[in-house]
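Each of the next two complexes has chain A plus one more chain, namely chain B in the first and chain C in the second.
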Partner chain A sequence: MNFSGKKSYFWRHALLIVCSLITSLPFVWIIICSTNTSVDVLRGRLTLGSNLGVNFQTLVDTGRFLPAFKNSVIYSVTTTLLAVCISSAAGYGFVVYRSKAKDTVMAVILLSMMIPTAAILIPMFRLFSRMKLLNTIFAFMLPSLATAFLIFLFRQASQSFPGEIIQAARIDGLGEWMIFFRMFIPTMKPVYSTAIVMTFMNTWNAFLWPLVVMTDSQKTTMPVFLSLLTDSGYTPDYGAIMLAVTVTTLPTLIIFFALQKSFINGLTGSVKG
Partner chain B sequence: MKKLLSLVLAVALLATMSMAALAESDKELTVWYSGGVNGKAIRKAAELYTTANPDVTINIEEVATSDRETRLTVALSSGDMSGMPDVTLFQDYSSQKFLQFFPGNFVELSSAFDFSQFAADKVGYWTYDGGVYGLPFDSAASATFARLDYLEAAGYTLDDLKGITWDEFIEIGLKVKEATGKYMLTETNYGNLLMVLVKSSGKWYFNEDGTANMINNPGVVAAVETIKKLHESGIVKENSDWASYIASLNNGDAVCTVTGNWILGSIVGAQDQSGKWGMTNIPSMGEGFGHYSSNGGSSWVILESSQKKDLAKDFLKIFTDDTFNTFVINELATVPTYLPAQNLDCIKAPYAFTNGQAVFADIMDYTAKTPVIEYGPFNSEVEANMLVAVEEVFAGKSVADALQTAEETVNFLIEE
Partner chain C sequence: MCTSLRFQHIREVLPMINVRPRRPISLERKTQRIGWMFIIPALALVVLTHFYPMFETLLLSLQSGKANNLKWAGMRNYVRLFKDATFLAALENTLFYLVVQIPVMLSLALILAVLVNDRKLKGRGIYRTLIFLPAVTSLASCSIIFLRLFANDGYINTLLLNTGVISEYIDFLANKWSARAIIILVMTWRWTGTNMIYFLSGLQNIDDSLYEAAAIDGATGVQAFTRITMPLLKPTLLLTTITSTTGTMKLFDEVYNITGGGPANGTITLSNYLYQLCFGGVPQYGYASAIAYIIFLIAALLAFIQMKVGDKE
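Showing the complex of A and B:
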C-alpha cells in the first residue's frame, strides 16, 4: 500500500478516527447510561434518556454523594499540592546538595516503592489510631505526602537543571529558597504538570487506605461511595451508578486535559534529559 | 518561616486530636449495613425503637459488604477497634471465618434470644463452640420462580414444575423452548445454583475434621453433573454478569430462575409482568436429594468492642416484633426467619404479582424445610475452586478429575 500523498493522509486519519471512537465509546456509554433509568440501562438502551435529574436526586438523597465529592476534592487537592512541594524540594535537594549518605538514602527511599500498601496496612492503621488521627484529613494525606516515585521523578529532572544557573544566582545574592522558587520551579513546569496529574489521579482514586481510616460516613471519598453504590443489595440502580461514575471521572479528565501539553512534554523531557 | 510552619502544623494536629477525642453518648448506637432491603428494614427498626425509647439515638451507616469485611479484618487483626460500629450486618457465608479466626470478638446472643424460634438453617451459620453469635433476619430459602404465561403457551402449568427432578425439568425446558423460543432457565456462572444444589443434598463441602470433601461427596458430584447436563441441554441463558442476569428476568428472556427468594425483589422491579409469575419448590437431583435449599443472606452481629452491648441486644429484639415483621413482609416483599411471624395475617394474604399465590407463606414453609448443615470457614475458597471445576467440566474434563483437582487445591489452601 502506498502511504504517501493525500490518499494515505485520508486513510491514516480514518483509522485514527475509528480508533478514537472505539476508545471513547465506553465514556460516551457511561454518559448515556447516566441519563437513563436502571431498567433501560440493563435493556441496553443506547440513546440519551430523560432520567438524569432523577438519577442526580437519587445520588443526593443518599446523603453521602455531596459530602464524598467535597471530601475528595479537598483531600486530593491538598495532598497533591503538598506532595508536589515536598517531593520536588526533596528531589532537588538530592541533586543540588552534597552529602555522602545521599545515594544510600535514595536507595532506601526507592526500596519503599517495593512494599505493597496491603502489607503495611495493619501497622499503619494502629499507628494512626494511636495518634488519634482516624477520620481526619491527616490520615488520608500523611502517607502520600512524600512518595518515592515523586522524589525519584524530581531527582531525575533536577539532574538536567544546569548547575551554572545556581552558581550564578548564588553569586548574585539569591537565597537558597529563592533559587528553588524563582529559578527551579518556573523551568520545571512540565515535570510539575506530570507530578500533579499523577499525584492527583493516585489520591483521587485511592481506595484501600481511605476505606480503612475514614470510617465516618460523612468523611468518605468518591471511590468508597462508588463501591457502596455498586453493592446496594440485589437490585443496584445502574443509572445512578453511571452518573456517579461520570462525576468521579470528570475531575481527573479536567486536570489531565488542562495540563495535557506539558504533561506529555514532562514525560518525553525526562527521556531526553 | 520554618518555625511558623511547624507551629501551624502542631496547632492543627492538636485541634483534630481533641475533636476526635469527643466521646459519643452512652445512649447512642452505630449500625453498619448494606443493601436496599436491609437498609429499609434497619431504618424501620430504628424508627420503631427510638419511638419507644426517645432517649436513644441510632446512627445507621451504609458500608458495602466487602468494605465492611475489609475494615473489620484490619481492625480485628490490629487489635484496635476504633471507628468500628456497635452492631453490623454480616454475610452468612463469612460467618465461620470471622468466628473461628477472631474468637471472642463477637457477642454471644443466646442469653437474649430464644434461637429455637428462628429458622434452624440460618442459626447454623452463626453457631460456634456452643454459642450463637448472629441474629438472622431474612430467609434465604431457594425457590423456582417461573413465568406462568410462557408455561401455558407450551401447555404446562406451575404444578408441572412442583416436586420434579432436574431431568424432568430439562425435558419440560426443551419443549417450552420449542414452543416459545424462550430459555427455560437463566443463570450467571452457575455459582449460585451450585450452592443451591449442594445444599439441597443436606451436606456441605467439608468432612468432620474440616478438610474438603468433594470427590467422594455424592451431593457435590450430582450438583456438578446436573449443571453439566443443564449447560449441554441448551435451555439455559448463561449471562456474563449479575446485571445481565437481572435484565434477562426483567426483559422476559427466560421462563425460570432457581435461587434464593430474595430475587423476588428484583423480579417485581418489572411491574408490567405483574400476575405473570408463580413460585414453587426447586427440582431435586434425584433419589436421596431434596427439594429445599437456601443461598445468600445476612445476619446482625454485635461486636464485643462495643461499650453498649446491652442496649444493642435490646435494640435487636425489634426483629421479633410483629409490627416490624408486618412491615418487612408487606413493604419489602421479604420473609423474616423469625418463625412465629408465620402466624401474621399479612403472610397468608394473596400476592398480586404472583397471580394471587400467597408466596410468603410458601417461603416460610420452605424455610422451615431447608436442611441444616455445618459450614466451615473456607466457603470463599471452595466457591472459587468449584467454579473452576465447573468450567473445566464444560471444557471436556471428567467430573471426577475436575473435583479431584478442586479438592486438592482447597485442602492445600486450608493447610496454609
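Showing the complex of A and C:
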C-alpha cells in the first residue's frame, strides 16, 4: 500500500518493535533466569549467572526431569512418524483412488475437526483405563495418529502429484504400495517436512491429554512435569523451574528456526485449502 | 488410466483366445480395494478416537452416579447444570474470554499483518518471525513465564517495589479481574502471531493492482482498507474467528497452570470444571459428560452463526 507518506513509517516501526520485544523478550528472560539462583530470580536479576549447573542438578535430583525429557522425545518422535505415515497414506488414497464413497468418507473425517478434546476425553480415558493402557505410549499417541488436519494437508498435496508418474510406474510393474513409497514420498518432501514440524510441535506441547492418561510421574511428559514442578509442596526453586521451562521450549524453538519455512507454509497452506 | 491401457491390450488379444473381457473390471475393483487399504487405518483411528467417544459421551451424559456406578438419569444432568453455581461461573468466564479476548487478539493480529505485508517495510521478515515466536511454546511454559511475571514475588512486583512506584506488592491473582486479565494476556501473547500469519496469507492473495487503482482514484488508506482489504479478507476472518472460538471453548492449560480456576471460581473455564469433576476427587463421569456436550454444542452453534453471518455480508 502506498497511501501514507514516509513519516508514518516511524510509527509503524515503533509499534512493530514494541510488539516484537513483547513476544521475544520472555525467551531471553527464561534463559537468563535459568542460569541464576532462585534468590537472584526473585530479586529480578537480569544478567547471566553461574548457577546453571546447580539448577540442572536440582532438576535431575527431582528424579522426574530426565524421564520426562526422555519420554517427551520418544513419544513425540514416534507419534510424529506414525501420524505422518498413516495420514499421508490416507490423503494419497483419497486422491489417487478417488470415488464417490471416498469423497463422502473424507467429508465425514473433516467433521471430526469440530469435536473438542473435552468431548472425547472421558470415554477415551475410561476405555484406556479398562484396557489397562494408561501410562503407555499407546494411550499417549492414539488420538494424534490420524487427524483431519494432516489427512487434509496430504489430500491437498496429492492433487499436485502427476498422474503420469503413477501410470508409468504401473506399466513398469510397480505395485500400488511401492508407487506410494518409492514415487510419492520422495517427490513430496516439502509437504512431509511441514507435516512433521507441525505434528511434532503439537505432540511435544500437548498438555491436557498427557495430564489425564499419563498419571505416573515417571511416564509423563515435559509440559506435565513443568506443571507438577510448580505446585509441588516444596519451596519452589525458580532458577531450576526456569531451566525446565527453557529445556521444554528449546527443542521446538530450534526446530522452528531450522524449518521456519515449512512451519509457516503449513499454517498458510491450511488456510488456503 | 492404467486399466484402460491394459484393457486395449486385452481386447486385441481376446478375439484370438475367445474369452469375455472380465479381467479389466476386476482389475478396476482390485485397484479400488487397494485404495481403501490406504484409507482404512486412518479412518478406523478417526472413528475410534473421535466419533465413537463422541457417541459414548452422549450416552454418559444421560447417566448419573459416582465413579463407574452409573444409572440412567434422562435429562437430569442437564437440568442440574443450570442450578450449579460453579458451572454457571465457568460458563460466564468462558464466554467472557470469548467476547473480550478474541476481538482484541484478532484486531491486533490484523493490524500487524497489514503492517508486515507492506513490501517497502524494512525488516518485515524479522518482525514476522519475532511476533510469531510464542507459537512454538507449550502453554504450560507460557503459563509459568506469566506466573513468574505477575506473582506476588514476581518480576513485575519486584520492579514496581524497587522503583518505588508501589510500597506493597499487588496480589494480581487474588483479584478476579486482574487474574482474568492475566489469562487474556497469555492467550493473546501465545496466539496473536499465529493469527497474524493466517491474515498474512489472506492478504497475499489480494491483487496489488486493486490498491494501485484505488490510489489512482484518490482513495485514502482507510478507505482502501475498508473497501478492498476487509471484504476480500472475509474468508480468512471467518476462519480465524471460528478457530479462535473453538480454541477458547476448549481453554484449559493456562487457567489450570496460572490460577487453578480461582479466586473463588473467578477464572475457571468449562474444561477446567469438567477436569475437576472427573479427576479431582470421586469422578462424576455422567455429569462431566453433560458439560462436554454443552461445550460441543456452544462451539458448534457459534461456528454455525459465524458461517451464516459471514455468508450474508
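Basically, the second predicted complex is superposed on the first by the 228 of 273 C-alpha atoms of A that agree within 3 Å, B and C clash if a C-alpha of one lies under 4 Å from a C-alpha of the other, contacts with A are read in each partner's own complex, and residues count from 1 in each chain.
The rule is short, and it goes like this: a residue touches a chain if its C-beta (ideal position, glycine included) is under 8 Å from a C-beta of that chain, and two chains touch if they have at least 3 such contacts.
Keep in mind that what you see is a predicted model, and the values were worked out from it rather than measured.
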Which superposed partner A:148 touches (first chain B, second chain C, both, neither): second
First (chain B), second (chain C), both or neither touched by A:135: first
Comparison of chain B and chain C by chain A residues contacted: C
Which of chain B and chain C A:238 touches, first, second, both or neither: both
Partner chain(s) touched by A:64 [first = chain B, second = chain C, both, neither]: first
Touching partner for A:75 - first (chain B), second (chain C), both, neither: neither
Partner chain in contact with A:39 - chain B first, chain C second, else both or neither: first
Contacts of A:209 with chain B and chain C, given as first, second, both or neither: neither
First (chain B), second (chain C), both or neither touched by A:217: first
Chain B versus chain C as contact partner of A:117, first or second or both or neither: second
Chain B and chain C contact sites that coincide on chain A, given as residue numbers: 41-44, 121-123, 125-126, 177, 208, 212, 224, 227, 230, 238
Partner chain B, residues of chain A touching it in the complex: 39, 41-44, 62, 64, 121-123, 125-126, 129-138, 177, 208, 211-213, 215-217, 224, 227-228, 230-236, 238
Interface residues, chain B side, partner chain A - complex: 1, 13, 16-17, 19-21, 34-39, 61-67, 70-71, 74-75, 77-80, 82-84, 243-244, 246-247, 250-251, 262-263, 265-266, 269-270
Residues of chain C touching chain A in the complex: 1-2, 5, 31-32, 34-39, 41-43, 45-46, 48-54, 56-57, 60, 68, 111-112, 114-116, 118, 120-121, 123, 126-127, 129-134, 136-141, 144-145, 147-148, 153, 155, 158-159, 162, 189, 192-194, 197-198, 200-202, 205, 211-212, 215, 219-221, 224, 236, 239, 246, 249-250, 252-253, 256-257, 270-271, 274-275, 278-279, 285, 288-289, 291-293, 295-296, 299-300, 303
Chain C partner contacts - residues on chain A that touch it in the complex: 1-4, 9, 12-13, 15-16, 19-20, 22-24, 26-27, 29-30, 33, 41-44, 86-87, 89-90, 92-94, 96-97, 99, 102, 105, 109, 112, 114-127, 142-143, 145-148, 151, 163, 166-167, 170-171, 176-177, 180, 201, 204-205, 207-208, 212, 222-224, 226-227, 230, 238, 241-242, 245, 248-249, 252-253, 255-256, 260, 264, 267-268, 271-272
